[in-house]
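Pasting in a structure now, in structure tokens, and then I'll have a few things to ask.
Chains here go by letter, A, B, C and D, matching the order in which they are written, and residues are numbered from 1 within each.
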Amino acid sequence: MELQNKKIPLEQFLKEREQVLSDWKTGSSPELNLDHAIAYSKSLPESKNLALLLMKAKKENRTLVQPRAGVPVLEQHIKLLQHLESCGADVLPSTIDSYTRQNRYLEAEKGIKESEELGRALLNGFPAVNHGVEGCKKVQESVHAPLQARHGTPDARLLSEIILASGWTSNEGGGISYNIPYAKSVPLETSIRNWQYCDRLVGYYEEHGVHINREPFGPLTGTLVPPSISSTVAICEALLAAEQGVKNITVGYGMGGNIVQDVAAIRTLQIMTERYLKEKGYHDVFVSTVFHQWMGGFPENEAEAAGLIAFSSTVAALSKATKMITKSPQESVGIPTMEANGYGVKESKYIINMLQDQQMVDSEKLRIEMNQIEAEVTCLMTCIYGAGEGDLAKGVVRAFEQGLIDVPFAPSKYNAGKILPARDLEGNIRILEFGRTCFSDEIKEFHRKKIQERADFQHRPISFQMTVDDVYSVGLGKLIGHKK
Amino acid sequence: MKSIVIGVIGSDVHAVGNKIIEYTLENAGYNVVNIGVLSSQEDFINAAIETNASLIMVSSLYGHGELDCRGMRDKCVEAGIENILLYVGGNIVVGKQNFDEVKNRFTKMGFNRVYPPGTPIDQALGDIHQDLGE
Amino acid sequence: MELQNKKIPLEQFLKEREQVLSDWKTGSSPELNLDHAIAYSKSLPESKNLALLLMKAKKENRTLVQPRAGVPVLEQHIKLLQHLESCGADVLPSTIDSYTRQNRYLEAEKGIKESEELGRALLNGFPAVNHGVEGCKKVQESVHAPLQARHGTPDARLLSEIILASGWTSNEGGGISYNIPYAKSVPLETSIRNWQYCDRLVGYYEEHGVHINREPFGPLTGTLVPPSISSTVAICEALLAAEQGVKNITVGYGMGGNIVQDVAAIRTLQIMTERYLKEKGYHDVFVSTVFHQWMGGFPENEAEAAGLIAFSSTVAALSKATKMITKSPQESVGIPTMEANGYGVKESKYIINMLQDQQMVDSEKLRIEMNQIEAEVTCLMTCIYGAGEGDLAKGVVRAFEQGLIDVPFAPSKYNAGKILPARDLEGNIRILEFGRTCFSDEIKEFHRKKIQERADFQHRPISFQMTVDDVYSVGLGKLIGHKK
Amino acid sequence: MKSIVIGVIGSDVHAVGNKIIEYTLENAGYNVVNIGVLSSQEDFINAAIETNASLIMVSSLYGHGELDCRGMRDKCVEAGIENILLYVGGNIVVGKQNFDEVKNRFTKMGFNRVYPPGTPIDQALGDIHQDLGE
């Protein structure tokens, strides 16, 4: 059937569902009966519902704190989450391992077993599908804060079924953001279609009175992504989700490093997502934002990493994003120990609390940067709808196919990979090479001017070496890359 | 011009380092065969045979390196390229572990060089140069 | 002789000098011969001169990083400084112990001996006078960065002689800032007179071609000091120093916690110090600024403390202060280990480097805060000059006597101690109780309004309890104190 | 109303905690005799005798507490107030040290209660209440 941005009819959804649940043995759990799952979800306290918590936080102008965390063995995972909660995490994650993300449940099974035997983790996350509803419910019942699945799965249908039936109230991802940065050869049609299912499932829960939050993955490749690119993807995914009945969406952004650009990005993202939703007829969707602490290569030294974490938190607090995802001082080395992860939470929470009553001051400069992002997003959105002849889902597929939108450093072969970012003299992320992206001449001129200023200042030619230097720079302790 | 096969093994999609390794090795004068992310042991070995490569550089960033790399040397032997150089680098195990032990594990698997987290490709150029003797 | 703001005549200075040098045995070192000391200082490389380094940093719009550090045993102290240098400190300190600060050299001697015997430090700093020129020179010759003495000594004449003769190129302190927060019953006349000597000594070096930096201690009690109070003290000390021939002055400020107020304070301090120096006829004095990371009670948890350090660094970087003094994650517990101190330096330096190309954006709000501080400082300076009938030294003494200027929480009985600070709704430090300070009615009205807003919001009466809550708050993880 | 002598010992000028202790103890209903910063052992003891105090609370923040507090109990004995309660708190030694050992050192010196860094006065109110039995 041809992909289109259209709510999946109930029967079709239920029919597909049978197939999805038969994918792996844990799909046959009686707990996956929808009536049962809805009843169970309704029996949980409101304080465990992320959709509600986000509404509350946004009203209070507060920024919630959430780490990433997941280990293969169930008991260890519970212990980990309880520790993070005690460190002040407002929202708890379960980061899913990479085999599960690729639907390789057999390998995940092996990974769990070996991790148990060797007494050390061999998987990089929590294999939720293998643990099934029974395991995931146990996790949920062992903590107080709302739970969210965080992954990177092009086909997360079974995973989504399992976590929602377990009382987890949020699912990260989307047909673009969990494909382009996370896969090599999954067609966008396929991942978008699969995520329509995931969103439809959330829509089903909503129709039956259970609020569920959905969060497109904002940072994409985490590496020098211009704010307008990531915002456009987030807005598209918000619109696709809303069509399937999602009512509570958190759009995300990965910190760039220039404070003004970062705050401008969060503010614009909130405003434009709401605007597009309204414009397209989705009037009852609640929108909030999530700010990711620096998502690119981290410094190796733990003191420096701790500095970067607090700096990220400062910017998040000033932006008044509704939620912030934390890193740990061990980021550059590997999956953090429980203690290191808790350290990141404690440190981040401290800064958020300290800055509770301050926000970025309005200025001409901030306004200019917001206008710039707005103009760029508008440009991209217009050409996506154009490419789809009015249909967003088709538009997204074709726009990527034609390189009209392009994500830097993405592994997917369905991404053009021609765009090259680089920083300007103040560290703002700009575009050095546009590929076939459909930005207007005016926008291109703006970026060229900014990059030229830097080239002049650094006495160097404009080239990929600039981008490379910028990829390394934050890890080496500077925002703007310098020639070696 | 000697050929080097590069890629990211297993279910790993970390693409940034891979692109930079390609760029750096080409600048250093090698013929780079980049099989990209999400590559199996077979993908590496087939590419090496096809291009008559002297060295396979395996990247593993996401933590499953230990599971993904096991038996790779045996597969090389089976495929008739028993003497090919095997390097591995990135963040090759889960979490912060004692690197001597980690190195030991991968050396036993038959890797000729094993790099700790945070070793940028530039720092390995000397080793490559020495091992490929050009 | 009556105190006045007048350069000490050379003969008088040299006569007094004989007495000063006879205070303790190390004063008789032949290295203290002025010709010898000047010649030695001139033989040192320019890179070891803080006055020059500050000029360079200011030109490059860079913020230098300096920790506090001092241990009693010479070899340990050298090891400590070398470690801090390897962590990236641009300027090295030697924090002097508290017995030396009170000129109790006999007790310091005991402390050194016992520290050596027990193998752990019993003194809270480096007893420079006891170690004498020989020891202090050895310290200086063991490091590359410029050295500065940091203390809190009302009578630092002998100490100053020893460190300058040892090739240290900066001395922190001043007749007000090293008395009011650091003493109980030393009359201001005495400490100002003693610091005129210290400044005259620097003047002597300058006259003989050796640049020496002087740094009034900006943060005072480190506890909720309104920016206009600390700025006024700094400006007075800059003027008193300039009169004695000092040519290179770094005025300081301890972070308050509201980003806008903090940046406004640093900017205003730079501008107004320069303005007053020019106005009073000192045309060739180079002024720079130093930002102190949070100087009040620190959080106990090391992750939180690390957060506060990076947050402080972020504000310092945005303010473009010429120098920043760092803290360690062990601040609330005790003198840090070498490693913890180095951690603070590394973390801080990382942030300074990251933010090298960004600064606080101009805004209406920033301008208002700067104007406010300017108006308050002008008010205080005018009434200090008035109290002294035109003589600054006399004016300072009388203004403190009459409580026209008043430092919160100061231990000195020569400070009125009637002023009470508290934060407003955005965390700015305002004045809750004015005592007899000579602020204009307009200024008082402004503060009252701000404090009233907070009282209304927090549903509480305006009282000392507000101040108390604010003293505790940062240590407990909030900027603005809340009722328990 | 029982009297408590408070102050900061030795060459220590940390005045903030001292002011807050005064305020807190007065609010808790005690007669507070505050001798302030830079106080000697003799200052504390004289004040206690003059006001017939039941408790001396020594603050030491700056690190020299160990040197400054030695022999204080003996001086109390000499002055005829051998049974007076002695508390000490603040940051009483240099640096981060094992607190059990620190406590031991001060207990041996004759202090009845010894508080670790970061114990705000409010947390000691229970002890005071218990020891003074009101």
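The criterion applied here is as follows: contacts are C-beta pairs under 8 Å (C-beta built on N, C-alpha and C of every residue); 3 or more make two chains touch, one makes a residue touch a chain.
Please read these numbers as outputs of a predicted model, since none were measured by experiment.
Trainee: So the centre of each chain is just the mean of its C-alpha atoms; given that, what is the distance between chain A and chain C in Å?
Mentor: Those two chain centres are 45 Å apart.
Trainee: Could you tell me the distance, in whole angstrom, between the mean C-alpha positions of chain B and chain D?
Mentor: Chain centroid spacing, chain B to chain D, equals 65 Å.
Trainee: At what distance in angstrom does the C-alpha mean of chain C lie from that of chain B?
Mentor: 55
Trainee: From the C-alpha centre of chain C to that of chain D, how far is it in Å?
Mentor: Here chain C and chain D have centroids separated by 30 Å.
Trainee: Which chain B residues reach two or more other chains?
Mentor: Counting only residues that touch two or more other chains, chain B contributes none.
Trainee: Graph shape for the chains shown, where an edge means the two chains touch. Line, ring, star, complete, or other?
Mentor: line
Trainee: Can you list every touching chain pair?
Mentor: A-B, A-C, C-D
Trainee: Residues of chain C touching chain D in their complex?
Mentor: Within the complex, chain C touches chain D at residues 98-99, 101-102, 104, 107, 110-111, 114, 120-124, 152, 181-185, 221, 223, 296-297, 300, 330, 332-337, 340, 409-411, 464, 468, 471-472, 475.
Trainee: What does chain A use to touch chain C in their complex?
Mentor: 257-260, 299, 301, 303-304, 306-311, 313-314, 318, 342-344, 346-351, 353-358, 361-366, 425-427, 474, 477-480
Trainee: Where on chain D does chain C make contact in their complex?
Mentor: Listed in rising order, the residues of chain D that touch chain C are 10-13, 15-16, 19-20, 23, 36-38, 62-64, 66-67, 91, 93-97, 117-118, 120.
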